[in-house]
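Going in written order, the chains are labelled A, B, C and D, and every chain counts its residues from 1.
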Amino acid sequence: MDWITHSYMGRRGVAKGHAGREHQLTEAKQGAYRYVYGPYAEPVLHIEPGDVVVAETQDAFEGKLKTEQDVPSEVLNMPFVNPQCGPIHVKGAKKGDVLAVYIRSVLPRGPQPAGTTALITEFGGLVSTGTTAMLNPPLPERVKKMIVTPEGVQFNDKITLPFEPFIGTLGVSPEIEAVTSLQPDYWGGNMDLPDVAPGAVVYFPVQHEGAYLYVGDCHGRQGDGELCGVAVEMPATVTLQVDLIPNWAIPGVRLETEDFIMSVGSARPMEDAARMAYRDLIRWLVADFGFEESEAYFLCTQAGKLRVGNMVDPKYSLGASIKKAYLG
Amino acid sequence: MDWITHSYMGRRGVAKGHAGREHQLTEAKQGAYRYVYGPYAEPVLHIEPGDVVVAETQDAFEGKLKTEQDVPSEVLNMPFVNPQCGPIHVKGAKKGDVLAVYIRSVLPRGPQPAGTTALITEFGGLVSTGTTAMLNPPLPERVKKMIVTPEGVQFNDKITLPFEPFIGTLGVSPEIEAVTSLQPDYWGGNMDLPDVAPGAVVYFPVQHEGAYLYVGDCHGRQGDGELCGVAVEMPATVTLQVDLIPNWAIPGVRLETEDFIMSVGSARPMEDAARMAYRDLIRWLVADFGFEESEAYFLCTQAGKLRVGNMVDPKYSLGASIKKAYLG
Amino acid sequence: MDWITHSYMGRRGVAKGHAGREHQLTEAKQGAYRYVYGPYAEPVLHIEPGDVVVAETQDAFEGKLKTEQDVPSEVLNMPFVNPQCGPIHVKGAKKGDVLAVYIRSVLPRGPQPAGTTALITEFGGLVSTGTTAMLNPPLPERVKKMIVTPEGVQFNDKITLPFEPFIGTLGVSPEIEAVTSLQPDYWGGNMDLPDVAPGAVVYFPVQHEGAYLYVGDCHGRQGDGELCGVAVEMPATVTLQVDLIPNWAIPGVRLETEDFIMSVGSARPMEDAARMAYRDLIRWLVADFGFEESEAYFLCTQAGKLRVGNMVDPKYSLGASIKKAYLG
Amino acid sequence: MDWITHSYMGRRGVAKGHAGREHQLTEAKQGAYRYVYGPYAEPVLHIEPGDVVVAETQDAFEGKLKTEQDVPSEVLNMPFVNPQCGPIHVKGAKKGDVLAVYIRSVLPRGPQPAGTTALITEFGGLVSTGTTAMLNPPLPERVKKMIVTPEGVQFNDKITLPFEPFIGTLGVSPEIEAVTSLQPDYWGGNMDLPDVAPGAVVYFPVQHEGAYLYVGDCHGRQGDGELCGVAVEMPATVTLQVDLIPNWAIPGVRLETEDFIMSVGSARPMEDAARMAYRDLIRWLVADFGFEESEAYFLCTQAGKLRVGNMVDPKYSLGASIKKAYLG
């Protein structure tokens, strides 16, 4: 794609946005999946900037919710959920660099119905949870299976929704922490942000030698906020082109498509995630696009967009974006 | 427009969505503008269901920020900001009914530059305020004027943004309260939600005999969140077609366009506004579209949209919506 | 009491803290109780600085929950709850002044059991509400009656709690708003803060000519946060000594006892209420006690106290205080 | 102390609350301090239930802020702050058990002035931070040193505050995560809660074989909320008696003194921490003290206390408590 040439990855990446060698990260190659983002696991793959990784991800339940009769509380075993492929070691990556991940495709794999959503006790945006702790009785558990193909998500007999796949959990390792793959943070992780989709380049601030890229938790589609906490979860084949941008100090995750740039904030309460995202976007406009700070603040006020990724995970993730066409 | 026939207003309104008599609510007719949404002011206009009102609104600063040299803290006099037209008495409206307001047009009026944005001390989404109270020094005050026409908003010499006007503050009176026009709530008010735009029908739960409709605070355009607290404020000519739907119990503001239905929540922290909006949307799907509750919860999870109206007012306003095409 | 001589009321009040004429504000004299704090009602009493008011308040349910068999949702009629005595007009009070209210006593009145607590649907700190809107089923409604005397609150057969009465709702009118008596704000109102108790002087920033003092909603005692939303509600006889401090610009409610000074913040989320309270306390230390700002910030860090008044009302109220003994 | 016999530790601990062998965990024995709570480090000490550990903790800055002329941003190196002693392996501890830690003493050690507080850029309860991200300019950095002895904390020339020491950071390892020692959570960590003080027994839910106890970050005293983010930090000698309670399922940290029991919640926003704490306290009353749930809810409403530990760390920590005397 042409715009990639002019993207940050194309202009500043070690591989200039060119694809290198392709690696297959199959289930067999992965072996045990990972449940934390951290530096303590041995890499399952070593790649160089520019290399392409084709990874076989599991769904967030590691395939344990097989039928609509399954009961989540009986088959899931916390904290062993949201399994991740990785870590993938990227040669030369070090703290202070940025890992660029160009998402080339996300496709469902495995038997149909490939898609799963569910009501999990004490989890979700509209129920009492372990943190927004209430005394109200819980809702009944429920599992819903959906056929998911590139032609659509068969929500039920009457409703088919567009297939708009993306990666729920993607990022690099923290420096010394190992954090549950359920949590998003400045290094990425479980952002559940639908913009992390084919066609986007996502930028992560490297914290640890080799970056240690993780990926998992693909979704066939999702509404804003991932309301009940469980999107159209599916096992997937994910194709990622990875590049390395040396010496780019960014405080958190950034993202770029042909049309817009976006900063991501992950925090609670939700307004703090919005503040993080917008402040970083303003600083980005000042640093790279010649804006005076108050002018950038005004521009985001009049033309910024907010995307609510999730309102259910340990931190909520929001993306603040602005169209490239508005940047003068 | 054809879809109006099939809207709630068209199907259940007293006037069946048909336009009645047109009323001019000029500056002269309005006289003193209003700074609270409440039942204690005398109506400036009495209308019947179906009537059309053409109102001359002031900008949020009542025109006091005339040049970029004006200093907000010197010319503004709290709490006398965000002046409103109204109240407009709607014949037959009573508690338990819904006032339907079909927005036909919002156009800038008065001399150019008609648009104003500003940095106001202790106000905005990315600064210390009276509630998110910090010890950090404030940003300098600043006023920015912009030419606003239907062809666009001239943000600066290099950037012209699309003209996408809407009404920042619109609603009905609470039952016994009189609340600052700076605040949004279940009766409407200062939602600063860009979907309250030409082409939409907005539904308000009537609290007081005659509904007491207020309108003001139009914007030439605005980004999600109204980040610095001040959109492209402009004096405007607003054309509203008002109808009355008897006996429709809704807990807060709802909205409808040709393509989607939306519930609005206003609260802090932001996740509570999102919860309010989504819960009402789910209950709407259950009550009117035949969904079982968990199925509606799943559908909003996979296909709901969240619009962050404002993240700066006394309550944040978010709209949760779903496409009519997805309702089966 | 001696310390009153050295209080703000004693030093700067028009009446120098001396008690003047006593007024009886009986149920009969009050007539209709009030459900908003606002300037639109006619005063029921006119007093002068220094005067003492003995008011007969109703409980928050206006006595409608008479037995443990009563069902709140059947007998309560929103928004007509939390009835208030007042408004009381204080001669000479104007915007920019402070109304000082010295609470001399709060005693239960009427037949026993005088105390009532209850579980109200969609209300309380540990249940789904209209704002923290969940889909979980509600808890059953329940009413609990308790004998309340100066000797104690008979919680049940086994447990008697100390009688530690205070005023749940107390304050002055906003300038142009009329706000439900359920809400606390910078003018006071429904703070539900146990420090608003006999022996304290509470300071309110006057917004409207005559101040328009309101009082109601007394509690026999309450834990921090008023967890289920309903304290030991009781009808009471309240004795207040009212004074006027001219030209004291305070941004919200302040409070003083013999031992400490306190600033009150009311906001959501709860950290914002804490920030408001602590920031005002720091500014108070700087303005009146000779502290440099960072030194005051350090002192509050090491010696400040936070009292969570309520975590259930439309805004949460917290008091930040510091012992007078620590002020050097 | 007699009450220990009747405490949970005394009644249900493997060692019945009796002190066993004493271990010295000196600086030399500790070697490198730890910056995460996790299972990936090798234990520095192996103990048995009942054993006593005397640990030499560093202050939160590892002694790098030596004078008031030091500049935090120049000498601190994130994330290597808040150094911890440990992990300490407790024989027999396994997931599903509770580690009981009886705090016998916390005494300052090292040269005077032993106490340090500071203003750190982008950190604190009343300033813009990385999460509550504002555009306002920061406050100047500042370091303040204080002499700290059991006789008092010399805040400045005029003010001496009581010595009321406690442990800021204490807890066990998560199961698979390794989390920064700056963060509190259900396993303990950086709660900065002044009740974690000599005379208290703190209960932690074991997640990992051997429990892996960590301790550090002692404070000479602290106000509620730890407002600027930095208490009276001091290197300390800490004496802990550790016991093990098999098969006690608790969802987070609990605490007991002679007079009260307390549940701790750590979350953002602050009301969620309060909800977690109070809900657990109610469930505790139901499980162990014979209360029906609504009766426990009422009792906490009328007699519960909330302590705001910190309002500055990645999660805020609050303790909800009730006097043992009120439990009938």
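The rule is short, and it goes like this: a residue touches a chain if its C-beta (ideal position, glycine included) is under 8 Å from a C-beta of that chain, and two chains touch if they have at least 3 such contacts.
Worth saying up front: this structure is predicted, and the values here are computed from it rather than measured.
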{"item": "Label of the chain whose CA centroid is most distant from the centroid of subunit B", "value": "D"}
{"item": "A-C compared against C-D, more contacting pairs", "value": "C-D"}
{"item": "Rounded Å distance, subunit A centre to subunit C centre (Cα mean)", "value": "47"}
{"item": "Distance between chain centroids, defined by C-alpha means - subunit C, subunit D (Å)", "value": "34"}
{"item": "Numbers and ranges of subunit B residues touching at least 2 other chains", "value": "126, 132-135, 139, 268-269, 275, 278-279, 282, 297"}
{"item": "Touching residues (chain side subunit B, partner subunit A) in the complex", "value": "117, 119, 125-126, 139-140, 142, 144, 153, 155-156, 158-159, 161, 221-232, 268-271, 274-275, 278-279, 282, 294-295, 297-306, 308, 311, 316, 322, 326-328"}
{"item": "Residue numbers on subunit C that touch subunit B, as the complex places them", "value": "35-36, 38, 40, 79, 130-135, 175-180, 251, 265, 267-269, 272, 275-276, 278-280, 282, 293, 297"}
{"item": "Contact set on subunit A toward subunit C in their complex", "value": "126-128, 132-139, 269"}
